[in-house]
Amino acid sequence: MLDAYIPVLLFVLVAIGFAIFTLMVSSLVQSSRYNRVKLEPYECGIEPVTDARDRYSVRYYLIAMLFVIFDVETVFMFPWAVIMDELALFGLIEMLVFLFILVLGYVYAWRKGALEWA
Amino acid sequence: MMEITPAHYTILSAALFSVGLIGVLVRRNIIIIFMAIELMLNAVNINLVAYANEVENLVGQVFVVFVIAVAAAEAAVGLGIILALFRNKETVNIDEMNVMRS
Amino acid sequence: MPAGFSALDFYYILPELLLTGGAMVVLLLAVLTPRNDNLLLGVSLGTLVASVLSVSLFSGLDVTAARGLLAVDSFAAFFKFIVLLSAGLTMLMSAPYLRVEGLKAGEYYFLILCATLGMMFMASGVDLITLFIGLETMAVSFYILAGFLKPNPRSNEAAVKYFLLGAFSLGVLLYGMSLVYGATGTTSLQGIAVALSGQSPSMVIVLAVVLIGAGMGFKIAAVPFHMWAPDVYEGAPTPVTAFLSVGSKAASFAMLLRIFVEALPAVAADWSALFWVLAVLTMTLGNIAALTQSNLKRMLAYSSIAHAGYLLIGVVVGTERGVASMLVYLGVYLFMQLGAFAIVVAMRRSDVVGDELKDLGGLFRRSPAAAFMMLLFMLSLGGIPPTAGFMGKVWLFGAAVDAGFVWLAVIAVANSAVSLYYYLRVVVFMWMHEDAQPGSPLVFGPAMTVALGIAILGTVVFGIYPQLLFEQAQAAAGTLEGFSATVALR
Amino acid sequence: MDFIWLIPLLPGVGAAINGLLGIRYFSKVLAARIACATMGAALLLSLVAFLELLGLEHREHVVTLAHWIPPIPLETASGIGAFEVPWAFRLDPLSGMMILIVTGIGFLIHLYSTAYMDHEPRGGYVRFFCYLNLFCFFMLTLVLGSTFLVMFVGWEGVGLCSYLLIGFWYHKQSASDAGKKAFIVNRIGDFGFVLGVFLVFYTFGTVDFREVAEAASHMPVEVAGFGVVSAICLLLFVGAVGKSAQIPLYVWLPDAMEGPTPVSALIHAATMVTAGVYMVGRNAVLFEHAPMVMTVVATVGALTALMAATIGLVQTDIKKVLAYSTVSQLGYMFLATGVGAFAAGAFHLMTHAFFKALLFLGSGSVIHAMDEEQDMKKMGGLKYYMGTTFITMFIGAIAIAGVPPFSGFFSKDEILYRTFLSNKWLWGLAVVTAGMTAFYMFRLIFMTFFGDYRGPGWKHEEHGGHAEEHGHTWHGPHESPRLMTVPLMVLAVGAFAAGFVGVPAALGGGNAIEHFLEPSFVATSASHAGEAEHAVAHLSHGAELALMAFSVLVGLAGISLAYHLYVRRRGQADRLAANWSVAHRVLLNKYYVDEAYGATAIDGTMASARGLWTVDRRVVDGAVNGAGWLTRALSWVSHVLDKYVVDGLVNLVGWICQEGSYLFRRVQTGLIQNYAVATLFGVFAFITMYLVARYVGV
């Protein structure tokens, strides 16, 4: 079964080999004279003014948290969806209760102002 | 012609678990440590799914679903805690969390 | 309704349902109405009372509900009473604390209710999944509660430590559980016991036992998995610390008993040895480390570690009597520990933090009542007759001797002799030391008074007349399966 | 007499009232009244109970209040037994005598304290009486308890109270240290006691004294071997050693003198420290079945008596002298119990309670008069200032010196006699101790009350109330207020007369107390054992009288020696100057004695040389000096032992715990990852444990 992967293996080897080969060749032919302009991050365009790493507003994290929670809860819906007809009304009610609890959490987050910006 | 047996999964999960373990022990950034812990949990998930496949019942997969959900909840709570901490300490470096000791 | 389910199942989880509903109501009140602490406290306590009543509906029952995910038996009932009572006392002592610290009561009570809910599932779950969910419900609530003093760096640190180490130990625990599942193909405790009976335990199971033991050992703060406890106990808000050291410990012991006694009797010899070592380490290190603590909460943290050590004796013994004595001890421990913490909470005033040992200086002269209550709790924790603590110890050590663990009993007695030193040290501070800077006088509001009253009552009554507690505990221990195998293996 | 449970309860109530309300609201007077009233009531009740007890023919009455520990099935030597303990109190001759002592002397000391503690601030004053009552509550519980566990309640309780009272003046570092020391030492003892009780239950399936005695009386006497009964007795004796300050655990008692003097009198002389003796007597039947342990008890007792006495010889702190004397007398009691003379031990316990309480209260009165001065070198001639105290203390001293017909004589002589019958060596030690006791007691009396005043001067009252302007000024030694002297007088009467309840047959008495106490020391089933025990070899009355005379002579010798050294040579030179030879002798004495004095403290060998030189120089003085030197050398040695060996051991225990604690604290680095590592370490350790267990097969 593994022999099916042999072409892939060959391809990978060739790719890596090619990369290494080109690098070596270019390092042989390139000229190694530098000047200030060459060393700048951008040779054209606007001069960078501040540090690229900037701190995000805490709101992003809040939203991220809320998303993670409400997103993952869907994981409970897939099994239900699969055998929905089997569970019938009982399953439906169960799922509604489940969603109701989620909505409560949502309401809480909303009232707490977790969803507004600034 | 080689068969992927549960043993392989076990080894994989063990390896993943160890990676997580090492991560917890050596990293300094709390967020990354927490990611390492998530790795450990996922190792558990691999185990469960593989065994569920082996013993031919779905309990393992149900277990996995709950683990995932709980992991998500923990992630959210953890993020909140770390934020609160960052507000006070302006750092997420774990070596600076030793106000309380001995 | 799908096969295996019936309306009865919902009747059986009535206490948990009530708790959930109450929690949601509290949460909504917190955001939809103007802040009204007393209302929130009332609703929360009402929920607890309703839950207690509904638990007592099932007294004497011994069935499994929801396709064998939950057990409704005296064992679960006993622990549900313990956690509900400790939650109630915690809320009562929290009321003044929240006022002093200016904390949001709504979220606080909500989280305590959630934690209680989780504990109740830990007490009644007979399936690894149920137990795991209960554990996490409790743990996540506690992560937040530990960091509830947002502007306080110590509290943040406590939260982070508890969170990271808790998640870590959860990973270990889950890995053990997954191994068990792999080896037995089921997560139901009974199923596991059946699958393992007969065959000689494989190395995988032993590994699983160690991993699960470590995970549970973390929750009950057993040496060497205890190291989070002192820091977290010190940093967390005091009532939370109290709840953590009583409720969480009790529930974790319930889960531990369920898993090891019900599911793993086949390897009883192995885990009995494991817990023998754990017990000795825990009580000794806990006591010795407590000797030189200067912070009251930290000292109590170590003392609670030591008490976990005593409690482990019951697990080691593993017989019905062992477990019964454990339950007795937990019931007694609930009152004395919460009482002691209640005093510490009362020490917290607008101008005094009051969790340092020296803050107790000359307390006897400033507030004799508080000093005498603390004296009572300290004597009880130290196991001096005729307090309840003494009863618990007699019963527990007796069980150890009875099952032939004489050395364990001797070590335990020696340990409680050592422990007396630091308990009486507190007394010395209250009686014989210069007054600490007085700050505003101690006042016991109605809620705090009730809490202390209950704690005192329990400590005294169960010291003078422990019969009731003993009967309950024996009944509860009786409904835990798997003893026969355990005893057979010894 | 089902009311006996009230006897302990009353002081308890007093303590509760004073503790909860008094600290805040009560005036000194009110608090003191409450305390004294409760004690007085308890005293009356005890008297009634005692009289009723005399009425009973089987001399025992047990009152069961309620169930305490419900039956717990516990494995015992004889199958599963039910570990069941009721709240039961037992009144029998022994406990009857004890409650009289505790309540009686307790009451007197309460009265005394009202005056003695008067210049405490109100809070401390109330606190003091709260503790004192609490102590009496626990002590009475200990005495009346009908089972080991009820006794243990009192046992721990009195420990706590003495701990609190030793450190009563908490601002004194020495005081709190002393408290800590007492605490650690007593823990060691209690550990033995608890184990002993465990073993008792395991062996006999009960913890009721009477039932244990019954069961034990049917067991063979472990003449040769060291059986379970011996083990029990040894463990119990460890407890007794801790509580009653015997070798090697006696170190805490002298330090305990940091507490207020009434406390020293009540707790550390009359009652608590005798609890060990009481407990041993309580289990007389057990001990009689363990002859080896009896020997141990007797030896420890005798050695303690001697050692403490020698130390007492050189102390100059008046309370320290009394403290060591207490240790020594306790040694006597253990010696008595050790040779099987339980009644004699209890008898001495009673008389000792009287005269030692008297002496302590007297010393308290002196200290009071001397404005908190405790050094006898700075006293002297006080008899001119405080007559009552002097006379009463003098009576106490005579009593303890064993001069007939004072109480000490009868009890001590009974012990010596019984010891002589069983072991001549121990008798020798005891007699030597008796001599030393007489010596240092009268040394105390003479240094304090005789000679001329050596204390600090004081301003006389020529110009009126000027003194008052700067608060408390001292107007020189003065007799103490009535409230302090009256208890002294009462106790003095007791110290004189208490002995007559035990006049030995040889002096035509019936030795009433021995026959009275007998029922407490024998198992009822084998009560004829009483006669059996009486059948032990008797000496002819003539020989007994000879022994008596000898011990009395030894006592007198001690007194005269003290007189010789501390009175004759002092301050009489001018009157004796006329007769130069006498004056010469006085001078020589002064010379040599002081030499021996200084030298021994510094360098034993030099002193011995001088001592020998003196012996051949002048026989009389030589004897005197030799005696002086020998005793002092002994005391010096035992001092060193006390300081470096015993103390060292005690401190070692504490040290180990402390260091261990610091070690664990260093592990707690506060770094999360170290904690995680610890967890992992645990996991790996346990897995290794299993691998080893499995494949090595341990």
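Letters A, B, C and D mark the chains in the order given here, with residues in each chain numbered from 1 onward.
Note that in this section a contact is a pair of C-beta atoms (placed from the backbone, for glycine too) under 8 Å apart; a residue touches a chain by one contact, two chains touch by 3 or more.
Owing to the predicted nature of the structure, the values given are computational and were not obtained by experimental measurement.
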| item | value |
| --- | --- |
| Reference subunit B; chain at largest CA-centroid distance | D |
| Chain whose averaged C-alpha position falls nearest the assembly-wide average | C |
| Subunit C-subunit D separation of Cα centroids, rounded to whole Å | 45 |
| Whole-Å separation of chain centres (CA-atom averages), subunit B against subunit C | 26 |
| Separation of subunit A from subunit B, taking each centre as the mean of its C-alpha atoms, in whole Å | 18 |
| Geometric centre distance via CA averages, subunit D-subunit B, whole Å | 66 |
| Multi-chain contact sites of subunit B, meaning residues that touch two or more partners | 24, 33, 62, 73, 80, 97, 99-101 |
| Numbers and ranges of subunit D residues touching at least 2 other chains | 665, 668, 670, 672, 676 |
| In subunit A, residues with contacts to at least two other chains | none |
| Topology of the chain contact graph, where touching chains are joined (line, ring, star, complete, other) | other |
| Contacting residues of subunit A [partner subunit C, same complex] | 86-87, 90-91, 101, 104, 107-108, 111-112 |
| Residues on subunit B engaged by subunit A in the complex (per definition of touch) | 1-2, 62, 65, 68-69, 72-73, 75-76, 79-80, 83 |
| For the subunit B and subunit C complex, residues of the former touching the latter | 6, 10, 13, 17, 20, 24, 30, 33-34, 37, 40-41, 43-44, 47-48, 50-51, 54-55, 57, 59-60, 62-63, 66-67, 70, 73-74, 77-78, 80-82, 84-85, 87-89, 97, 99-101 |
| Contact set on subunit C toward subunit D in their complex | 160-161, 164-165, 168-169, 172, 203, 206-207, 210-211, 213-214, 217-218, 224-225, 227-228, 230-231, 270, 273-274, 277, 285, 288-292, 321, 364-365, 368-369, 372, 384-386, 391, 394-395, 398, 401-402, 404, 409-410, 413-414, 417-418, 420-421, 424, 427-428, 431-434, 464-467, 470 |
| In the complex, subunit D residues that touch subunit B | 665-666, 668-673, 676-677, 680 |
